[in-house]
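Per-chain residue numbering starts at 1, and chain names A, B, C and D are given in the order in which the chains are listed.
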Amino acid sequence: MESKKFILKASCTDAKGIVAELTTKIFHLGGFITSSDQFSDPDTKQFFLRSTFTLDDPQLDTQTLTKELLPIFTKFQMTYHIREEKKRYRLLLLTSKQGHCLADILSRWKRGDLEVDIPAIISNHDVLSDMASWHQIPFYHFPMTPNKELQEAKIEKLIHDLSIDYVILARYMQILSPAFCRKFHGKIINIHHSFLPSFKGANPYLQAYNRGVKVIGATAHFVTEDLDEGPIIAQETIAVTHAHSPLDLTRFGADVESLVLSKAIKYAIEDRLFIDKHKTIVFK
Amino acid sequence: MESKKFILKASCTDAKGIVAELTTKIFHLGGFITSSDQFSDPDTKQFFLRSTFTLDDPQLDTQTLTKELLPIFTKFQMTYHIREEKKRYRLLLLTSKQGHCLADILSRWKRGDLEVDIPAIISNHDVLSDMASWHQIPFYHFPMTPNKELQEAKIEKLIHDLSIDYVILARYMQILSPAFCRKFHGKIINIHHSFLPSFKGANPYLQAYNRGVKVIGATAHFVTEDLDEGPIIAQETIAVTHAHSPLDLTRFGADVESLVLSKAIKYAIEDRLFIDKHKTIVFK
Amino acid sequence: MESKKFILKASCTDAKGIVAELTTKIFHLGGFITSSDQFSDPDTKQFFLRSTFTLDDPQLDTQTLTKELLPIFTKFQMTYHIREEKKRYRLLLLTSKQGHCLADILSRWKRGDLEVDIPAIISNHDVLSDMASWHQIPFYHFPMTPNKELQEAKIEKLIHDLSIDYVILARYMQILSPAFCRKFHGKIINIHHSFLPSFKGANPYLQAYNRGVKVIGATAHFVTEDLDEGPIIAQETIAVTHAHSPLDLTRFGADVESLVLSKAIKYAIEDRLFIDKHKTIVFK
Amino acid sequence: MESKKFILKASCTDAKGIVAELTTKIFHLGGFITSSDQFSDPDTKQFFLRSTFTLDDPQLDTQTLTKELLPIFTKFQMTYHIREEKKRYRLLLLTSKQGHCLADILSRWKRGDLEVDIPAIISNHDVLSDMASWHQIPFYHFPMTPNKELQEAKIEKLIHDLSIDYVILARYMQILSPAFCRKFHGKIINIHHSFLPSFKGANPYLQAYNRGVKVIGATAHFVTEDLDEGPIIAQETIAVTHAHSPLDLTRFGADVESLVLSKAIKYAIEDRLFIDKHKTIVFK
C-alpha cells in the first residue's frame, strides 16, 4: 500500500521548541519528513513552518492528524493547515475581456501541469465565454451594475456554493469593495501589470512608456482594501527599449503577467505561501 | 596604413532623405559604414542616428569630416557629434563613502575593459582616497560645507581644467544644485539604488524591505533638476525573498548598482546614448 | 489616404556605398525611412540590412518597388525581400502530443498578438486535434509510418498548396529527413528543450537533472540536416535548484520553450531574421 | 550578554526521526532555532540539514555542542559540521593573469561584504602581485615548472600552514593533478567561463562565438579529477547578440564569472553547500 503525503503549514509567535515538538509528534505517528522550511521574521517575531511528510498508517487522515497535533497547535496558539497532497484546491477565476492570463491558466490546467479544480469562471463581460466552454468550465457573466454589492453577492454565493479556496483575479479589471476584500482576506490573488510600487492604478504600461523605463514587470499580490498595496507574492521584470511602443509593452507584459500569476497560484496551491502582516513568506 | 574608425551621432527633427544624404556624403569621402542604427520617435518626431565607419584617407580627421558634413548638419538643423574611435572620453568620478561602484569602475579601467581617461576622483569624504592613490588617480577631497555653491564651483573648475566629458556619480550621496544640473545637462550620470520610479529618495533598500517586494534593482539616469526624475539610461533588477534582511538587499543591490552604472558608462563612451526629452535612446 | 509601410531585407557581400544607394533610391521614390538596422559580419564579410519605410504613392506596391530597386540589388548581387507590412506570413504548425507550445502560439494568435495566418496544423498524433478545431484551424493527422518519405511528401504538398512561408516545429518530436531539411532551408524553425549546445538529443531535462545544472533553458533554431546544430535564433534560461525533480524541470522548461519559440516566430514574421552561414543575425 | 549564533550542517542516509532528535536535543540545550532547511534526495536517499540557532549558555561552544550532539550524529552515521557564526572561514585564492575575479573578491572583502580571512594569494604569474600588496595580503608567485608535483606541494604546504578551509580558483588557468583534486575533494571551488556542460575546455567564449549562441554564462563548481565535470554550485547566463565580438563576450562574461564565483563562495562560507554525489545541494 502506498503511503499518504501531507503538507503542514503552521505559524505563530516565535518560541523555543516548536519544531522539536512538532517533529517528535510526527515521528511518533510514524511520519517520514521529506522536506521542511521554516522562517522566523525578526521584525514581527512570527514563526512560519511548512513541512511535508509521508505516513504509512492508513487510518491517519487530515482530520485525525489535526486531532493528534491539536495540543501542540493550541500550546503555541498556532494558525495551522494540514492537507493531504492529493486533495486539490478549488479555484474561482475572475476575468474581464483580456484573456491572456485566463488562457495561460487554463492551458496549464488542461495539460495537467496545474493540479486544481476550477469549478467556475466569472466575468463582467461575455467575450471569454467560449474559452470557458471549450474547457468545459461553467462561465458566469455577471455584468457590472451601479449596484456593486449585488454583483459581489453573486460572486460570494458562488464562493460558498462551490467551496472555493482561492479567488484568482486573472485580469479582472474591477475594484472589489473593501467589505469583500476584508471578508476574503488572504484568499484573493490579483495580477497587477507593473512592478509595484511603480505605476499603481490604471494603464501602467502607458505610465511606463511615458516615464521611459528600461524594465517593465508584473506583480501578483493578495488583494486588500488598499488598492495595489496588498502583500506581494511574486514579481518579475523584463527589459524593454526606447523602440518599444505602448502596444509592445502591453504584449511583452502579457507574458510576464501570465508567468507571475501562474507562479503565485503555484505557491498558493502547494501551500508555500503565508501572509506576514503586509508581506508574504514564500517557501519555494 | 590602417584605416581610421569614426563614430557619428546625429539627431534632428525627422525628415525625408536624411540617411540618404549622410550616407552618400560618407560614401563620397571614401567611407565604409560598418554599422548604423537609427530611430524615429513617433511622439517627439525626433530622428536619431549612430553610424560607425572607416576612412582610408589619412587627411580626414574629425575636424575635416565635420566640415565636409556641415552642410547636411545645417540643412537638417542637426545636433551632431563625430569622434575618432580611438579618442578616449574623459570621466570625472564623484563618490562619497561607499566604494563598490568606484571599485568596479576602477577595476574595469585598470584591466583595460573601460577605455577612458579618468583624470580625477572627487569625494566629499576622505575614506576612498587610498583606492584612488593605488590607481594613481588624483583624489580631491571637497567636504560639504554650508556653502554648496563653493563646493560645486570647485567641481566645475576641475571639469573645465581637466576637459571632462562626463561626470559619473558613483554613489555620490549629495544633491547637486539645480544650476549645476542645468549647466551640465546630459553630462552627469547617476546611479540610483532602486528600480525607479519605485523608491525615490533616501534609503531605497529599506523602503523595498518594508514594502516586501520580491525584486530590487538599480537605475542609471542622467541628472536633472528634478531629483530621481532624469532620463533613465539603464535598469536591472534581481530577485529577493522574505528571508533577506535590509543588509542583504544592500549587498545584493551593490552588485546591480555596479553593473547598471558600468552599462550606462559604456553606452555613453561608445556614443550609444541620446537624450530625447525626458527619455533616452540607447543603441545597444 | 494612409501611407503604406514596407519592410526591406537585403544581404550581400559587404561593399562601400550600399546604404547610400538604397536610401537615395528610396528617398527618390518618396519613401520615409522609419527605422534601419545593418550589420557587417567581420568573419563572413556579409552585409545585412533591414529597413522599414513608408510610401505615400498609391501606385507603389511590393512588385513595383522591387522593380525600382532591382538595379541596386543586381549590382551588389543581393539576396532581398520586400514585404508590405500588412501582408501576413503564413505558418504551418507541426506538433506531436505535448501541447504547451501549440497552445501558446494559438493563444497569441487568437487574441491578435501574433499577426499571421495559420492555415493548418499537422501532427503525427491525434491528441491535439481538439485544440485545432476549437481555433477553427484544419488539423491533419499524418501518423508516422516506416515510410518517412511518404509522410514528408504529404507535409510538402501542404506547404505548397497553402503557400506556407514558415514551418514551425512546436514540439514536433520527429526528425525530418536531410532532403526535406535542405529543401526548406531557412524556412523551418524548431524549439529544442535545452540551452544548446548542452544536452543535444533526447530527454534533455533528464540529462540536465542528472548533471545537476543550476540553469535550464530552451533554444529556437533553424532546422538543418545536422540535428540540433542549426543556426540558433533565440535562447533563454531559468534558474533551477537541487529540489526540482525532472518533472519540475519539464514544467518550468515548458514556459521557457513557449516563450523562446514565440520570440523566434516574432523575429521571423517581422523580417528581423537572417541566416549568416551557421549563425543568425537578429535585428531586435 | 549576547547569545551565540551557530550553524549546523549534517547529512546522512535518510531515516525517520532525524529532525525530531536533533531539534529536541537543541531545545534541551536551550537553543532557539532561527532557520532550518532540509532536503531528502529521492535518488541517493541522502538527507541534508542546515540549521541555525542561538544559545544563551556561555559555556556552550562548538566543541561542547559537538560532544552533546555526538550520540545523534553517531546513531545516524552523520557527516556533520558545527560552526559559531562569527568564526571566519579562511580562503586561499589561486589566480593566473586575469584579475577580474580576484579584484571582485578582494573588493567585497575590503568593504566588509565578504566576511572571511584571506591569508594568501598564489599565482603562477607575477602580474597580480600589486593587487595583493595593495590589499596587504601575502602573495606567492609559484611559477609552473615541468614538475607540477613540486608546485602543488608548495600550495599544499600553504593550505596546511595557513589552516585553509577553501581554495578558490579565481581564474587559475592550470589543471590540478588528480591526486591534488582527490586530497582536497569538496574544498576547491573553480569558476569556468561557460554554462557547463556547454563549452568545456579551453577558450569557451570563442567556442560560444563560433557556435553563435544567444546566451553565454559561467559555472562555479567543485573541482574533481574530471576536468569541468565536478558538482555544479552556481550558474548564470546573460544574453548576447550577433553583434558581439569574442572580446565583447569575454568582457560581458567577466561580469558573470565574478558574480557566480562570489555566489559560490558565499554559499560555502555560510555553510549552505553540500556535495551529494556528483551534484550539490544549496540551501539559499
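Simple rule for what comes next: a contact is a pair of C-beta atoms (placed from the backbone, for glycine too) under 8 Å apart; a residue touches a chain by one contact, two chains touch by 3 or more.
Every value quoted in this text rests on a predicted model; they were computed, and no experiment measured them.
Q: How many steps does it take, at the fewest, to get from chain B to chain D if each step moves to a chain that touches the one before?
A: The fewest touching-chain steps linking chain B to chain D number 1.
Q: By mean C-alpha coordinates, which chain is most distant from chain D?
A: It is C whose centre lies farthest from that of chain D.
Q: Does C-D or A-C have the larger number of C-beta pairs in contact?
A: Result of the comparison of C-D and A-C: C-D.
Q: With chain centres taken as the means of their Cα atoms, state the distance from chain A to chain C in Å.
A: Spacing between the chain centres: roughly 36 Å.
Q: As a quick test, compute the distance in whole Å between the mean CA positions of chain C and chain D.
A: Centre-to-centre distance between chain C and chain D: 42 Å.
Q: Where in chain D do residues touch two or more of the other chains?
A: 35, 39, 241, 243, 284
Q: Residue numbers of chain C touching chain D in their complex, please.
A: 39, 41-42, 195-199, 211-215, 217, 219, 231-237, 239, 241-243, 245, 276, 278-282, 284
Q: For a test of understanding, state which residues of chain C touch chain A in their complex under the given definition.
A: Result: residues 35, 98-100, 103-104, 107, 110-111, 113, 134, 241, 243, 251, 254-255, 259, 262, 284 of chain C touch chain A.
Q: Please output the residues of chain B touching chain C within their complex, sorted ascending.
A: Listed in rising order, the residues of chain B that touch chain C are 16-17, 19-20, 23-24, 26-27, 30-40.
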